[in-house]
Amino acid sequence: MNKDMIHEQGEVTDKLREECGVFGIYDLDGQDVASTIYYGLFALQHRGQESCGIAVSDTHGPKGKVSSFKGMGLANEVFNEKTLESLHGDIGVGHVRYSTAGASTRENAQPLVLNYIKGTLGLAHNGNLINALELRKELEYGGAIFQTTIDSEVIAYHIARERVKTKSVEEAVRNAMKKMEGAYSLIVMSPRKLIGARDPYGFKPLCIGRRDNSYILASETCALDTVGAEFVRDVEPGELVVITREGIVSDKSMCLPRKKHARCIFEYIYFARPDSHIDGVSVYASRIKAGRALAKDSPVEADLVVGVPESGNAAALGYSLESGIPYGTAFVKNSYVGRTFIRPKQSSRISSVRVKLNALKEVVAGKRIIMIDDSIVRGTTSGRIVKMLRDAGAAEVHMRVSSPPFLWPCYFGTDVPAREQLLAYNRTVEEICEKIGADSLGYLEIDRLQELTDGLEICRGCFTGTYPMEPPKEDIRGDFEL
Amino acid sequence: MNKDMIHEQGEVTDKLREECGVFGIYDLDGQDVASTIYYGLFALQHRGQESCGIAVSDTHGPKGKVSSFKGMGLANEVFNEKTLESLHGDIGVGHVRYSTAGASTRENAQPLVLNYIKGTLGLAHNGNLINALELRKELEYGGAIFQTTIDSEVIAYHIARERVKTKSVEEAVRNAMKKMEGAYSLIVMSPRKLIGARDPYGFKPLCIGRRDNSYILASETCALDTVGAEFVRDVEPGELVVITREGIVSDKSMCLPRKKHARCIFEYIYFARPDSHIDGVSVYASRIKAGRALAKDSPVEADLVVGVPESGNAAALGYSLESGIPYGTAFVKNSYVGRTFIRPKQSSRISSVRVKLNALKEVVAGKRIIMIDDSIVRGTTSGRIVKMLRDAGAAEVHMRVSSPPFLWPCYFGTDVPAREQLLAYNRTVEEICEKIGADSLGYLEIDRLQELTDGLEICRGCFTGTYPMEPPKEDIRGDFEL
Amino acid sequence: MNKDMIHEQGEVTDKLREECGVFGIYDLDGQDVASTIYYGLFALQHRGQESCGIAVSDTHGPKGKVSSFKGMGLANEVFNEKTLESLHGDIGVGHVRYSTAGASTRENAQPLVLNYIKGTLGLAHNGNLINALELRKELEYGGAIFQTTIDSEVIAYHIARERVKTKSVEEAVRNAMKKMEGAYSLIVMSPRKLIGARDPYGFKPLCIGRRDNSYILASETCALDTVGAEFVRDVEPGELVVITREGIVSDKSMCLPRKKHARCIFEYIYFARPDSHIDGVSVYASRIKAGRALAKDSPVEADLVVGVPESGNAAALGYSLESGIPYGTAFVKNSYVGRTFIRPKQSSRISSVRVKLNALKEVVAGKRIIMIDDSIVRGTTSGRIVKMLRDAGAAEVHMRVSSPPFLWPCYFGTDVPAREQLLAYNRTVEEICEKIGADSLGYLEIDRLQELTDGLEICRGCFTGTYPMEPPKEDIRGDFEL
Amino acid sequence: MNKDMIHEQGEVTDKLREECGVFGIYDLDGQDVASTIYYGLFALQHRGQESCGIAVSDTHGPKGKVSSFKGMGLANEVFNEKTLESLHGDIGVGHVRYSTAGASTRENAQPLVLNYIKGTLGLAHNGNLINALELRKELEYGGAIFQTTIDSEVIAYHIARERVKTKSVEEAVRNAMKKMEGAYSLIVMSPRKLIGARDPYGFKPLCIGRRDNSYILASETCALDTVGAEFVRDVEPGELVVITREGIVSDKSMCLPRKKHARCIFEYIYFARPDSHIDGVSVYASRIKAGRALAKDSPVEADLVVGVPESGNAAALGYSLESGIPYGTAFVKNSYVGRTFIRPKQSSRISSVRVKLNALKEVVAGKRIIMIDDSIVRGTTSGRIVKMLRDAGAAEVHMRVSSPPFLWPCYFGTDVPAREQLLAYNRTVEEICEKIGADSLGYLEIDRLQELTDGLEICRGCFTGTYPMEPPKEDIRGDFEL
């Protein structure tokens, strides 16, 4: 490909990235589940647009007969009628994935499907292990080979090694969990069981649903709504649930005390779909609260509060409700910016932000605008959007950010640029404000975060540099290039 | 394809369809224009998602060397770096198209590119001729052959026949226009000229823009914004503009008196992008006005006003502003529903509306909701959305529609179901309300329409059955199946 | 595409190219014919590998309901189960095409399908009109538009114009034929009739077959064998046959006296499949005769006669039979060289001939070899093959060519390089022999050609520059670039 | 896919299948090797048409940076300019593969690329281990996971486990070879070495070539010819060769005495390309000898000897040379039957053999024909071809087969139908002859096999049921379905 051509992701750029979504289902009536998984992945697509896959197992068939299909792209692009119809099985697991550029390969698509001593396993994983390198090395010293660069393969190996010594697959998963450090929401499919596990800190979400005689595991409750299932409960941090013909069995032996939990706050602020509930807390309500908190802590006289679509809208509404300043729509977003959008090199003078967003002059002209976004990463996009509002005639542009300044790397599954590229790094709020060209700038106070989750414990690592567990000393990425 | 599988369009179904968008450009500095056209089509993508194409001509090259590329799908899907780079030319025309199912073929994709007595022509057309059948027959009796079922081919033929007798291509276009009855916003590219024409009634929009030394013609001003061009003016109803190296020449000899104009009101209500201005009127402002008018004419006591995304949002905001009832967001829309979304037959119990929309329970629960949508066509979707709100706990659901009841066919370029399938056909408002399960229902008063366009004359045919010109006696479609 | 990459055609390069094959069928029992056409095209694939298409019409359905599918590539690549099953109709026409690079576009793929005064027509054409430009101009002066650069469109127009004045489609075809000068074997499908026509000189072949209650028209008899049909007879030069429910009607009013016929001799020498019979003469037998004639006229002492695969093999066998020198196989051909074979630029030292052919050292080493090929065009390949034999240890290499020296352009449908690129142009046989590095070289004597066809009259234009009709003054190509 | 549609392989069906071809290269000058591997795979394409792949490593880059690309289809279909250009590395390995239907998946495509304790490995393997199941089980009991069903993964694991204990990768390969039983010609690429290994019985071929400063390993010498390399020598059965910057080092410690060798005789009879030499013996010469032997042992009075193309031609020539009966060409083969050929269900009356082969009536009619093929498997095709000759007028058809009757399964890498489907199973030669409808039938005498290889030892297992090593008790296939 011509390197002057740049493929950009569909969302307004300059955003953090969640890396995965998982979905599992066991239909005790023995019906095929592939199409339900497809819908589930579709509902979780915002968690990963790079690759996706489905693996199903037929509990009636020969033990360990797994059918799977994976590919690069959206669920809509990867699957068609034929592939979905060819996936026969009443137990299954699906995955959507985003990844950093280097390892964006078909080989790394999930679910991972493998044969081991007891037949087959399917694995789908959301999160990032901080000791994956050590776990890999340990296996390599034992003569293991790796065909991907994903943590799921390391996890699978450890499960397989434990399985040799244990009586059940869930026991093997439990023993493997004891070795795994970091963030993981995991779904494991064995020939007769569907297993869900969540790390003891609860970084990533995982919930349980039910539709008629089917049990479902999913990253977010919005996937349950989409497939017509009812929400049963969240998997607790550290919990292991095993779904069999006999129902659900829970193992909470690895759970930590509640105050050690460390949920990823960006699930609430940005990653999750607003119609999802995570650990009992409405994502939408969290964002409204963030907006209200901003209005309290960073008030400013203005005529209109607007959100940067889509993710800034809820916080903007919260700000409006708290401040009494009217809420408005300042931007039109082009909804046809797909996963990959070509930027031909001929037309360098065409702004990539302009292609995706346009300001509504009649709304903005002459007004003092409060513009809410969920975060500032590199800041380039924010600067362009501020300018777009000014070009449309805004009298003043006050930016408010519904999260604290982003300053440190994340080791638990969020894709973050190098520290030097973070706008907030080594800059005061005033300097940042000047950089983006706004009239004023306010961030969410770090003390407000706890409010957003109704008191549930969260991880503040990316704001404070203090992590719930010791981060790895060397960078954990980039070493496994195949 | 398995007929149990249903491909659905990306938008919430049950909507009217615009059929086309056009974009033309002439770069007097001689630069390649294909990538600018690509961006322009991308900005006009909401006007047609079925097929698209670009044709360019190199004014420096041998007379009549046209390069073109067309295909089924979105601009993003049809074009890639290679195809765009292969299109060399400083004058060009592009097209996006939606069509009824039967004629959805590659052959019918535009622009139409053809050779005739004076070299080559490229044509892109938005609208529908009501005398296309007569014009075809006339040509066929002269021995003409047709390779497509689109009006553009008929238009091209008439231009070619006139060209034999005239001194210039613009004269031929003018003569052809005299024969064409109905709706057309037309861009014609000849080896050295770019020509724009709009029918005397002004059904469909067409505007002129400029970027540096390039002149642009486009269906909507949002395309000018996207490519970084400034708005010059609208092409007037009945006007013919000719862009050459010497600049723009206008021919208004076919213009009608202003009160005979008949703009398509659905451009303002639903088709056009809200950031566009048509004939000087902001589309966004029209929708706000529609909402305000609804609040005045159909008031109801309630706790919250919400829009059915995306197109209902602006009217909802208008209703809120007028009524003082708070505006809110009741729905989350899955933005990954692409152009074609597979519905596997296994999963019939999964609601197709659910897949695309989900209600926010915390917003809706216990509230009396006013829900605004831009129109009701068959009504199936409206009914499902009302039910979704009730399932989410809404105490009451009052539907308001930002257009009058849709009752009659459109002959001028909008895709409408058969009359019997229109929910409003042969039903009172009360009956419709009961059918969709709402607590109350209000439509925009037909007298309010004129307000939306600040007094510009509009076509009310689909509401009243009275059209600005005599409609064809027999149905004008379906006769040309190749 | 990187221009350092060269796509080469699958056959050993440096060959003449036939431009088309046609196939038509009418099943009087009303069965679908698409799959039979598919097989027919497959059997005619050697006549054109660039694009292909099928159009069918349902005589039971609404008049003029034609379904068609066309694409770039082999029949195998263009069609799949779904597309074939979607083509319903009991009357149909198919086409395979090769073309010069410039006009190799999807638009130019055949059959041409069009609407005209009497419904629909499907056309498939093999050959080249020498007055196509004049016919085009004539139509353009009447206001016609052209969407392709193929002669079929010109033919279709003339048929349509005649149809206005005549009582039947066959009359219109006959009148159009009177205007057409040059080579054409033509199949026309109207809603209720299948029509075949062959130009009065008989340049290109066309035969009639029958399978049960189906009538078939095809370029070669091998297509009849493949679909299980029996050969009925050849369409005569100048004959028009009309197949309807009532059977076949023949119109020979345009036939010329036999001695004016001018069959393309390269059909016998190279283009046609050896298992075909053209006008009663076995193609295989022609090639054996050519080899025998070479043995008589260009004898040489040697140990082995070999053919350049595949087309040289039959003549080599003929030479062996006549001379008594043993026939052998000196080359292995890689049968996986597809339609397009990528030549990566990294590996310029890898010979493109080597990739396709390899010499059998144990056959060749120490031997005096007579190597037979069907023609020499540019001569580059011949030179490399001679060298390959020498590298494999051949003591002597004597080349014999089963056609006379190729010296003049063809205006009747064969793709020939510019005259300056023809090796024989302005060179003696001795100079050519030296150029290709052979020990001796012999061409077929021009007087022998008549023997190959058992006395049927042939065209000798490419050898003598004397054509059966006046060639066009200006070059007839390249003027119609769309 | 509609199950009434049958995809058939390109060759005349009813053939045995080789399962793989391998190619490796190390360019000591540091040039990219991907395009040379591509040509090499193209030359080996007859050994496997289902999937192929290339993996390269850059010895100058970071240790273990491997780039690879694999896919389903021919080399021509899988690779394009972009993918080849993206594969940077001066050491590389390639693979072509055919497999039984069940395991025909992208996951199983080779080369296998993996990370292990010492960086990366690339593996390409031709052959079949008879103790693969035991080796797998052994690993599984140690906690290993498997992501494919190919032996290469088992081999890679054992190499990795040995590597933990050894000083060099070649030592690890040697130790792994000691555990591997069965057929393997193996190429292993480590970050700085290219290793070739051949099992001690020499079932499958492997040779060494050189081009300038590059060393090459390939299944057949024809690949050396194609890439312009010279043949150096064969890898000996049981030999391990290690190519590094310092040159080639050989380890023959695992070689067996010559009389224990067991080359696959079908490499000579059918699999290998006739221009290849295996262990010093010309494949073409072997086939000529087989034909001569048939003429001696199964003489019959006849007018013409013909081969079933392509593989029967050489033996037919041999028969002709020995018997003095003229050699001829009775069949024309359609060379456009690709890897997959669609058989639409509409047209069941069209013979699939007819589509691929046609008889030349003028050659056959009235003649007594000896028809030579290389083997009879199920016999369905043979019967149809005999009938085709009779339909073309043959007076008599005498079939001769250039191998003995095929009666037993192969455990060493050839794909064979179940025993009950073998025509020769439980039938006398007379019964077989009657079944295929020939006038007489003769097989190659089993004692003649040794002559074909100039005395080199061969495996006769598929003819006699006596194998060079104990076959596995249970069937070794089908157990590893993922």
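Order as written gives the chain letters A, B, C and D; numbering starts at 1 within each chain.
The working rule: a contact is a pair of C-beta atoms (placed from the backbone, for glycine too) under 8 Å apart; a residue touches a chain by one contact, two chains touch by 3 or more.
If you're wondering where the values come from, they're calculated on a predicted model, not measured in any experiment.
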Show me the overlap between the contact partners of chain C and those of chain D.
none
With centres defined as the mean C-alpha position, give me the chain A-chain D separation in Å.
47
Distance between chain A and chain B based on Cα centroids, please, to the nearest Å.
36
In angstrom, rounded to a whole number, how far apart do the mean CA points of chain B and chain D lie?
59
Two or more other chains touching the same residue: where does that happen in chain B?
1
Can you list every touching chain pair?
A-B, A-D, B-C, C-D
In the complex of these two chains, what residues of chain A are touching chain D?
1, 62, 64-66, 68, 82, 106, 112-117, 120-121, 140-147, 149, 153, 156-157, 160-164, 480-482
Sites on chain A touched by chain B in the complex:
1-2, 5, 31-32, 34-36, 38-39, 42-43, 45-46, 49, 74-77, 79-81, 84-85, 222, 225-228, 273-275, 282, 284-285, 310, 313-314, 317, 321, 326-329, 332, 334-338, 340-342, 344-347, 349-351, 354-355, 358-363
